[in-house]
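You will see subunit A twice below: alongside subunit B first, and alongside subunit C after that.
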Partner chain A sequence: MLNYKSSIIENKKYSGLSIKEISPVMKLNLRGKSRDFLSTIGKNINMILPIEANTSSSSDKYTSMWLSPDEWLMVSNNIIDKENNNYEIGDLLFNKISKTNLGAVTDVSDQFVLINLEGEKVFDLLSSGCPMNFNKFKEKEGTVAQTLLSQVDIIIHHKKHNNVNLFVRRSFSEHLFSWINDAASRL
Partner chain B sequence: MSNNLRVKSSNYIDETTIVSFKFNGKNYHGYKGDTLASALLANNVHLVGRSFKYHRPRGIMTSGSEEPNAIVQVGNNAAITEPNVRATEVEIYDGLEATSQNCWPSVNFDIGGINNLLSPFLPAGFYYKTFMWPASFWKKYEYFIRHSAGLGKSPTKPDTDIYDHKYIHCDVLVIGAGISGIMAAKIAAKNNLKTLLLEEKTQIGGSTIYQNSEKFKIDNKNSSEWLINEINEIKKLDNLQIKTRTSVAAYHGYNYLLARENLTDHLSPSEKKGKIRQRLLKIRAKKVIVATGSLERPLIFNNNDRPGIMLSSAVKKYADHYGVICGKNNIFFTNNDSAYESAISLHKKGIKVQAIIDIRENSKSSLVEEATNLGIKIYWSHTVVDTVGYKKINKISLKKLSNDGQSTTGSKINISCDCLGVSGGWTPAVHLFTQSGGKLKFRDKDQVFIPNKYPSKQISIGSCNGDFSLNDIIKNCLNSLKKFLEIENIEYENLDIINPIETEKRNIWLLPSDKVIGKTKPFVDYQNDATAKDIKLALREGFRSIEHVKRYTTTGMGTDQGKLGNMHALGIVADTTGVKMSELGTTTFRPPYTPLTFGTIVGRNVGEYFDIFRKTPMNNWHLNNKAEFENVGQWKRAWYYPVNNETIYEAVQRESLAARESAGILDASTLGKIDIQGSDASEFLNRVYTNAWSKLGIGKCRYGLMLNEDGMVYDDGVTTRLSENHYIMTTTTGGAANVLGKLEDYLQTEWPELDVYLTSVTDHFATASICGPNSKKILNKLIPELDLSDENFPHMSFKEARIGKIKCRVMRISFTGEHSYEINVQANYGESLWEHCMEAGKEFNITPYGTETMHLLRAEKGFIIVGQDTDGTMTPIDLQMDWIVSKKKYDFIGKRSLYRSDTIREDRKQLVGLLTENPKEILEEGAQIVSDLSKKPFEMLGHVTSSYFSPNLKKSIALAVVRGGKKMMGKKLFIPMEGRTINVTIVDPIFLDKENKRLNA
Partner chain C sequence: MFIINCPFCGERDQSEFKAGGEAHIERPKQPTELSDDEWAEYLFMRKNIKGVQFERWNHAHGCRKWFNMVRDTSNDEIKLIYKMGENPPIE
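And now, the complex of A and B:
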């Protein structure tokens, strides 16, 4: 009976850039260090967590992004049900990891808003507010970065050529979305 | 009378496009490609401004960003007018309006010009010395001094232009697109390096591009022709980005540079509409190649500042590049060969060059030979001793120099002229190099400072590195690039270069006159009216350090930062004091190289983008229900919800009563929430909080106080045990990020042995807190299947539940002292949760309340707010919260500090309650508390930290920190306010329901 309402309502299009929110997407924060942790995750989601810094790995259902040597953000590739926030995979991993003290699994589905940017001006947009060097980042698909965009913490996932997902904390998302649109209108 | 000063169509001026503009209210025409300076000169306007102190008439002196005199106010719109713009850099456009600065009523008749006559009474330090006496008069003096100080007028309305920022990362940054910069950029880009080439001027090519002398050849082509080919080549390179009208403002450490890209200043008002005016580029370069060139030096002689006295290179550029002659009857005054180039170029255009006055005894270069052959009269070993012409030069006087160059001999020769081109040699533009931390060395041969030690991966090439002849520039540039870029085979290796060779040099920093120095005006800093005389005065008065001389005389402190005269100031100091130039050093070169607009610095961080805001999931509801908001950190929090034009006081009184009498609802989503998991989670909490956690039952909540290492209260909040090794901690709104950082720091550096993981879930959950006697009934309507009996769900416990299909967490915890529940759902269901609570609470008149009411309600209960009632100097004992400090635990953060002699002192400031004698009197937060009114000055015992009128208690209540307050229960104290004193009594800080009956009701 509770209605789902995202912080971002409209999608926007500019020349060379389209901006849209993708929701609802399941997001889990995975923490752990041991070999057991990695193998248990691997077995249950059928995917190996990336070990190399600032990279990601994907299966048909999920994408996992390296955040630190013992932290990953795992997201569903597809949109999930709005009427229900019971994520089977989340419960499964929680039971296999958290309950067994192999690590920690935390639901962060609404901690982050996923904003997708697509078009040839994606990196022009980012470099108007982000001090990071994207020269190498943009050459390789699947790269991940944690940085600031217009002073707001973001995780950037380079999905494919000229297509990135930004993960921004929900409370900042309206501000950032507004800034992105302002910046996009100036490109 | 305009067009007769145009000599020939230049490649860089489009004579088919006429541009009209206004200067000092008068209409003029110029051509597309003109700067304001070249267009004014073409209209025979030399007088463009007045000097700062003496209001002497001044004209255009240079053709670039070093211009000290021709600074103008552009535009007359109060929002976008800009002062101190160099006329030599303003590109004209239709509708441009510019005015002279520093003159009133007009540049032609300036009342301040009287200062020139008074100048003997206005030496350096005049203001410092004169307006000291009597001290009490300063306020009167200041009014007049402020009136005459400052250059130009600031805009008075908000800037309507748009500015932007951009980050750029490149392998190689080349600053300056003269011949060496262009070659460097081509070499770098062709060797697979991502290269950025920046040029402050409109076109690239530097001074070579309009060099039409047959004496400068590269590979048998005229140097300009060769360079134009190169320019066409580099424009095709993918790896190279070229930005013109872009001036590097600052060169910081580790190759981080700031540059201003000018995008629309050259466009007409209609063309620039809606476009970004300027962009600040924030550049990180792996390697930097500085090719900023050099600035021609003036010569320092008596009355060297009149309109019509210009740098000889500027005279040449106006003629060769803009096709404008600066005078019809020219004289050059020089100590090197450069002026000969200018003279020859003018002569070849059919413009009269009367004479060249050269302080050297002779020179044998091919340029001198050519000038002689053309019949130009050369006065060797002569100096100009005076000039005549108030608003434009019309005559000069010269005399022969003595052998030592310190005096003049012979008889005076007078020559009339309308333009005097001067050249005192060249100063490498080392500003950026020194900004980056580079160290200079002095080269005696030609008296220049050149780069010596590089602090980062950078090199200087071309004339900014002290290479002045074409051959030196190209050959040295290639050698250094080869090493610097680690390239084996370099292009251009076998270029055949021809250029005239300068053999003779003579430098005299201050040229002698036939008058004593006290009677002359040899200007060193044109903009600030500092003369050689002033520098000598400063030295006589005991100033030795060049930095002190600079400040006393204001030499080099104008908007041009003394780009022209600083070297002479140094030279005069060195000569006068007998110190070597190399030992004297230079004054500090500070960014920005040329003035930056505030707009560029700020970029888009204005208006709504000035600061970040954070919003809760329920924010729209608050907005729609007319809440007033307050900023809590970056959060926008609902402050109170006025109904029917209530004041904040009325609204808070109503909201507080409702929360105590029936039901209230608060958006508590902003509280920090940290998910804690791991087999050592309980141990971890034991270490971070002052109280014990091991025995907290699963499904139970506990309040915790977190200290800093110094024992002072840092944060507080309720933590809930969700399962054996799983907790959810709440923190204060403002402290959330710092607490997480601190805890993570402890885990990683102090307690790596603990198996604990922290994950922020602040934004994942939306939290609605419903409180009041009817809160249980409301929750029952919302989640009927949840057993709310005290047995199943007592105070300080937690239940998992579902609203429909949506999972939620419900905690029975209270910050108000009322029976209350906090419902946490995933954030995207938060607004809907709130609406459902409002619907379910309708019959109980559920009242939304904001942070102000929350503060009042908790103050009634004596609950502290960290940061309001504490300030980083309060221990839990000071707060009368001894009960929360475990005596049994081995350790927790801050434990040791609690037992230091100072923290156990009994006369520390302690938290107490205050009641006013008059129950309707509300104290001001921050008011000071005293016990003895007769003792002056008052001895302040403490201050009020929280103060409200409590509608529930029907009296005013306050919390305060008072020295030794714990032992002062019942004591009467005073609060002196302006014009009256308020009597107060110290009481227990818990004003309401000390027995917690309401909580458990």
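And now, the complex of A and C:
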């Protein structure tokens, strides 16, 4: 089900900032509240969903991001093999969670576009279009925030030092990408 | 512009939030027994006072959760923020 058509045509490089799209990546939206939900997810992906606000947790294969007290975004750390195009974990979780009414598992792989920003000017760029204060956010690795960037809803994941993943809805991605390029050229 | 302390996400800018009107409006227990005037009172009539007001807010561009806020409408001072379902403070 992965969409291979890239919404971003070329990767860009500026001094202190490089911008690229990472695709295809599996993305699942997980919703649920009960203890059973959390333990079933934990058993099947071998990691615990982050309970603390604005944090994420990672295993070797997946990263889970806290979105709200009952909502998480789970993404694969590596790109999915284009040849066989499957990610069994999605079906497995759907059968164990959605079918048993423990919660909801929704495949949002094609809904979100993953834009990776890297370089020492990452937070200068984000600050120029974001109402959020990044002082605390950039101190820790693994922090997550949902906010607005140039009036577009985004999920920001602080992956590593000066390396940030942006998740943006596909229909907004081209607009946001051109805004990022415009803003980056003025830094 | 002011900063709102979302009970789930922490301090965020006001532009991420949507106001949801007056809080703690209870749905009438027997709607069929109400007159049209009383029903309109429940549906449409809001206080909109100058001063301390109880409001609902939604962190629309963040965690998408609703919460309650006590705000002074004359100077936008936020007195208190508490979660949905919690009882309003008596002032």
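Criterion: the second predicted complex is superposed on the first by the 180 of 187 C-alpha atoms of A that agree within 3 Å, B and C clash if a C-alpha of one lies under 4 Å from a C-alpha of the other, contacts with A are read in each partner's own complex, and residues count from 1 in each chain.
Here is the rule we use: a contact is a pair of C-beta atoms (placed from the backbone, for glycine too) under 8 Å apart; a residue touches a chain by one contact, two chains touch by 3 or more.
The structure displayed is predicted, hence computed values, not measured ones.
**Q** Answer with first, second, both or neither: which of subunit B and subunit C does A:Pro69 touch in the superposed model?
**A** In the superposition, A:Pro69 touches subunit C alone.
**Q** Tell me which of subunit B and subunit C touches more residues of subunit A.
**A** The partner that reaches more residues of subunit A in the superposed model: B.
**Q** For A:Ser109, select first, second, both or neither according to whether it touches subunit B, subunit C, the two together, or no partner.
**A** After superposition on chain A, A:Ser109 lies in contact with subunit B alone.
**Q** Where does A:Pro131 make contact in the superposed view: on subunit B (first), on subunit C (second), on both, or on neither?
**A** both
**Q** Once the structures are superposed on A, label A:Ala53 by its partner contacts, choosing first (subunit B), second (subunit C), both or neither.
**A** Only subunit C is touched by A:Ala53; subunit B is not.
**Q** By the touch definition at the top of the document, which applies to A:Thr147: first (subunit B), second (subunit C), both, or neither?
**A** The second partner, subunit C, only.
**Q** Touching subunit B in one complex and subunit C in the other: list those residues of subunit A.
**A** Shared contact residues on subunit A: 131-133.
**Q** If we count contacts the way the header does, which residues on subunit C are in touch with subunit A in the complex?
**A** Subunit C residues touching subunit A: 8-13, 15-16, 61-65.
**Q** Touching residues of subunit A toward subunit B in the complex: what are they?
**A** 1-7, 23-24, 29, 31-32, 70, 83-86, 98-99, 101, 103-112, 127-135, 150-152, 169-172, 174-175, 178-179, 182-183, 186
**Q** How about subunit A: which of its residues touch subunit C in the complex?
**A** On the subunit A side, the touching residues are 53-54, 67-69, 71, 131-133, 145-148, 153.
**Q** Show me the residue ranges of subunit B that touch subunit A in the complex, using the header's touch definition.
**A** Touching subunit A: residues 162, 164-169, 194, 276, 282, 284, 604, 608-609, 612-617, 635, 670, 675, 677-679, 723, 725-726, 755, 757, 759-765, 803-807, 825-833, 836 of subunit B.
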